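First chain written, first letter: the chains are A, B, C and D, and each begins at residue 1.
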Amino acid sequence: MKVSIIGTTGYGGVELLRILHSHPEFDIHSIHSTKEEVAISDEYPHLYGIIDKKMSSIDADKIADESDLVFFATPSGVSSSLVDQFKGKDIKVIDLSGDLRLKNTSDYLKWYKKTPANEAIVDEAVYGLSEWNKEQVKAANWVANPGCYPTATLLGLAPVVKEGLIDPRSIIVDAKSGTSGAGRAASRATLYAEVNENFKIYKVNEHQHIPEIEQQLMVWNSEIQPITFSTHLLPLTRGIMATMYVQLLADWETERVIDLYQSYYENEPFVRVRPQGYFPSIKDVSSSNYCDIGLHVDKRTNRLTIVSVIDNLMKGAAGQAVQNANIMFGLESHSGLKFMPLYP
Amino acid sequence: MKVSIIGTTGYGGVELLRILHSHPEFDIHSIHSTKEEVAISDEYPHLYGIIDKKMSSIDADKIADESDLVFFATPSGVSSSLVDQFKGKDIKVIDLSGDLRLKNTSDYLKWYKKTPANEAIVDEAVYGLSEWNKEQVKAANWVANPGCYPTATLLGLAPVVKEGLIDPRSIIVDAKSGTSGAGRAASRATLYAEVNENFKIYKVNEHQHIPEIEQQLMVWNSEIQPITFSTHLLPLTRGIMATMYVQLLADWETERVIDLYQSYYENEPFVRVRPQGYFPSIKDVSSSNYCDIGLHVDKRTNRLTIVSVIDNLMKGAAGQAVQNANIMFGLESHSGLKFMPLYP
Amino acid sequence: MKVSIIGTTGYGGVELLRILHSHPEFDIHSIHSTKEEVAISDEYPHLYGIIDKKMSSIDADKIADESDLVFFATPSGVSSSLVDQFKGKDIKVIDLSGDLRLKNTSDYLKWYKKTPANEAIVDEAVYGLSEWNKEQVKAANWVANPGCYPTATLLGLAPVVKEGLIDPRSIIVDAKSGTSGAGRAASRATLYAEVNENFKIYKVNEHQHIPEIEQQLMVWNSEIQPITFSTHLLPLTRGIMATMYVQLLADWETERVIDLYQSYYENEPFVRVRPQGYFPSIKDVSSSNYCDIGLHVDKRTNRLTIVSVIDNLMKGAAGQAVQNANIMFGLESHSGLKFMPLYP
Amino acid sequence: MKVSIIGTTGYGGVELLRILHSHPEFDIHSIHSTKEEVAISDEYPHLYGIIDKKMSSIDADKIADESDLVFFATPSGVSSSLVDQFKGKDIKVIDLSGDLRLKNTSDYLKWYKKTPANEAIVDEAVYGLSEWNKEQVKAANWVANPGCYPTATLLGLAPVVKEGLIDPRSIIVDAKSGTSGAGRAASRATLYAEVNENFKIYKVNEHQHIPEIEQQLMVWNSEIQPITFSTHLLPLTRGIMATMYVQLLADWETERVIDLYQSYYENEPFVRVRPQGYFPSIKDVSSSNYCDIGLHVDKRTNRLTIVSVIDNLMKGAAGQAVQNANIMFGLESHSGLKFMPLYP
């Protein structure tokens, strides 16, 4: 299968290259960026001698003619304009931005403060949370690849939300991300000297991933009320941890909750529900496509603490995008994705 | 005033040296450790040519004779044994460990899993949360210096807890600390290669600072119920952030909450309540004695998010210890503590 | 082919697992450590669900019976004792420690300050600098895998030393390494709080890799005189840079030097000689088996600056060990080693 | 004394504020930047409640009327334009940029690739290497504050260069700096995700500090030939280490070299020549004005290794600037500069 990538110069784009370069079924046919005619190894010298393709301009007709699948590794606000160019073309699309995720375009307007994408495509696009929407992804032409925070959060909340085990007003998510999530554009806020030896909270109760999370939670359980969601910037490059707090409606032991989670995820190659007493850390999944989950019920408060970790560029972006591509083309979902976590 | 330090080779001890070396009223009379006869600059070469004192063994009589005040910069379990040696001596004591903090010694046994200190001294010891217990500290002979997490947490929660503005069952504290809090002893878990590019949660619902926080909250408001308290290890050296979530009982605007906090802390030199829209980060207080607080009410959930940051070695340990010493000896509370945050 | 690993709990051992787990020809048959009966995923939780083998004790007969190859991922001083156990057994051995590298055992005694390994085996062992000793490695039963610093240094110096282009007394190597090179044992010097925001020089002119480098340089060019070699500890986990300074005997342009290097390394998959004007950084090779080299002649001094970078756990240890294993068993030297550098 | 600062929003400017805020003799009268009417605490929130001055535009007449001294904490190319405005005014000037350092303006043109400053002022400006040019600084109206790399390098080389103990063609400087030296402007190259877990060499043999170093070395010893000088970017915020290699002309023991250095610097409060066997690391001087020096003669090569560390924002910029200000106004050179190194 031939694939194209638009937006190759960002961190999500270059992570797609890392995965696809050794993928047994997908062949990187073309890469695109506004920096046409520049070799990708000039932009990313670590690729020297490995991938020497040049970037070319975005010609939707040509891409659709020559490739079976295109990844939009472009930022929100850019993907929406690409949608118009690829609409009606004979090619499958996986969009890594937030532009196709929110079914209610007024939510998009409110949280992203940008013009929404074509509404028909937004309607058609399938939300690519691979473990939960496999059947729809398989049949999809347009996939909205989930955000990094929503992936960690939703995989961690799904079982108790679906089962209706928690007070629907009680969801609090304290999320932390490494700086690669902020992208590769020059910026003062993510300079090394600003981030190092620092830790900050940002977009308190205002993060654009809030409606994405709530939309999916309500698909699973319509009782769910608005969540509290905080995001923090970690002094590290890759990784997200979401620490979540929910109020259990009945008395459940930690072990029983873990059993529930393990039964939900037992056939999923990338979700590792950890045994009682172990809580995953970011290095447990670094540079891999795993999402690891740890669980604990505090008997004093009957509150459940859920810890969910991913690599934001892998399971939180490029890894899950390739997982969705695998599903769309009938491959095993972990095809080309068996990267072992990097340790130390 | 002459002061002595026991446990000078730990990070808390060396931070006391940094502060006291330039303090206008306190004179470092003697330093003590099990490494007797070793110059402190052999242990800490950055002190070469600045402080060349030798460490000596712990002779309680001699220390009490020669000094006006002694700091126990020793770990929990060690301070309790020092208590017996200094009991009845004519010297004031500030203990930086957890050994004198919990009034209920069975709590100490349960959470610390060590033998509690002499009960009469524990009873007598004043909890040195400087901003709130000034009068008792002034009169005290024994001060239990607060833990790092409790300091950030309690300063952040005090106004709403005292005023009874929140659901007493709703307190959730998601706390994050740098690695200097784990001390200077050789350990695999805090090796650079283990901590760098990593972030982990630890002691979920089991941290020994939980009873300390709850004890003080109940002093302020007897309705308070058990809290949820999580601790995480940040890949940085100095700093703590506590992100706290509480349910407001009535509708309050963010601005009104900020006004309340500012009125409580307006005369406190080290607590900076930040204006609406700004949330402090760890670098805002790094290497200083400040505790910065940011506040936000989410109208969607009527939940208040409280962000509190400190430098764990300063306001969370040595800085607050010196602040208490200032109060005990009738000095201004910020005497010798006017360190500006280090940026970048 | 079946392989065994002794010393699996160290960083070199776990990196061997990462590589060998996805190797197309080698099968991890058994892993060994003093922690017998412990699952490797208990020691390294990131392996949970990926590798669940238990470690077993070291039974040389059993290992030699069942495996075709054994890696000693043990520290210097431990490997030498394993040598005696495996001597005469029908199994190939690759030793990652320094114990088999120095042909002159009195050098070993002087620089390592430990008892040398069995002299006959030391004599027999082939120095596994893969690019340069391919033929001997192919025929070897015992391979002394090169040290991390020597690998970066020797690959960078080889062409000009072999060609006799430099003043043989002029070699100065200023080397810098990440902390994973210091291993996983608990230690104060490599605590996060000691290494972070720090940079230090160590073992000035006393590093045990000096005789290893000089031994090989003199194989290439008997005129070579003692070198100046400094090692520094970088605040990062993986990676080595050796910045080298040599005096050219004749006037050479940078471009001509680069041509020379490229002709020497043109068939080597893991050595990338960079074009004029580009100097590789550590991230260019991170988590891969590449050694990247940058070159510049300063016309003002006629001195050549050589920059050589590797990942110390890959090309500097486990990666090169597997490269040697490939060669020993007649596979392509990059078999199972095509890891793309991890960026960012 | 009243002082003004131009260029307060950079890292050098804010470090001047940190020092001057607690200086016993200098009073920050005004701060200037292109961001007029903005409070400095809006730009640097860590200053909230500590310094609330607003920045104003640059009115040379007003500044000269009201202040006794002005610091140009502006980049090279900007200072040169300020020079014209302040020429002939009744105010002392300390320029932290490179614009007044090179006596030969064609060198400036060649290495900085910018228009040189007014030649008369360049001629008049005194090179403010505090320890060596005290008398000239005392009498100066214009001080060219040394660069960060030159400060570490020159203090480390001075004694052997002045004494003529080394081969004048043999000087090799391998220098490493933290990222704060690259400034606070948004840039891709110094993003956290680019610098973290990375280490790179840059401007090989082309750094603009080369002519500054050589100019001063030749003042001390006219025989000195062009040096080899490499600069590397460390993944840390503050600090420089210069590792220097020089060929001794005669056989000297390490101890004798140390004695020489100690006799040169014995009355200097900020230069600490370390005893035999100890080599300073960056944390030994972090956030202080010290320059620490370690020395070792390798008997095998008769080469001297010199290690010199400073905090680039203190002794390498703002600290030395204040040290020069102290000297210019007849104060003790360490007045207001007794910051203890921050550890850990």
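Throughout what follows, a contact is a pair of C-beta atoms (placed from the backbone, for glycine too) under 8 Å apart; a residue touches a chain by one contact, two chains touch by 3 or more.
Note that this is a predicted model, so its numbers are computed, not measured.
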Message: Relative to chain B, which chain's C-alpha centre is the most remote?
response: C
- line: Higher number of C-beta pairs in contact (C-D or B-C) found for C-D
Whole-Å separation of chain centres (CA-atom averages), chain C against chain D: 38
Field: Distance from the mean Cα position of chain C to that of chain B, given in whole angstrom
entry: 46
Message: Residues of chain B that contact two or more other chains, please.
response: 11, 180, 184, 193-194, 196-197, 235-238, 283, 286, 344
Query: Taking the complex as given, what residues does chain A use to touch chain B?
result: 169, 172, 174, 176, 193-194, 196-202, 204-205, 225-228, 230, 232, 234-239, 241, 243, 245, 279, 281-283, 286, 294, 296, 298, 300-301, 303, 305, 307, 344
Contact set on chain C toward chain A in their complex: 11, 14, 18, 21-22, 44-50, 180, 184, 196-197, 237-238, 272, 274, 278, 280, 283-287, 292, 338, 340-344
Task: Using the touch definition up top, name the residues of chain C that touch chain B in the complex.
output: 11, 178-180, 182, 184-188, 190-197, 235-237
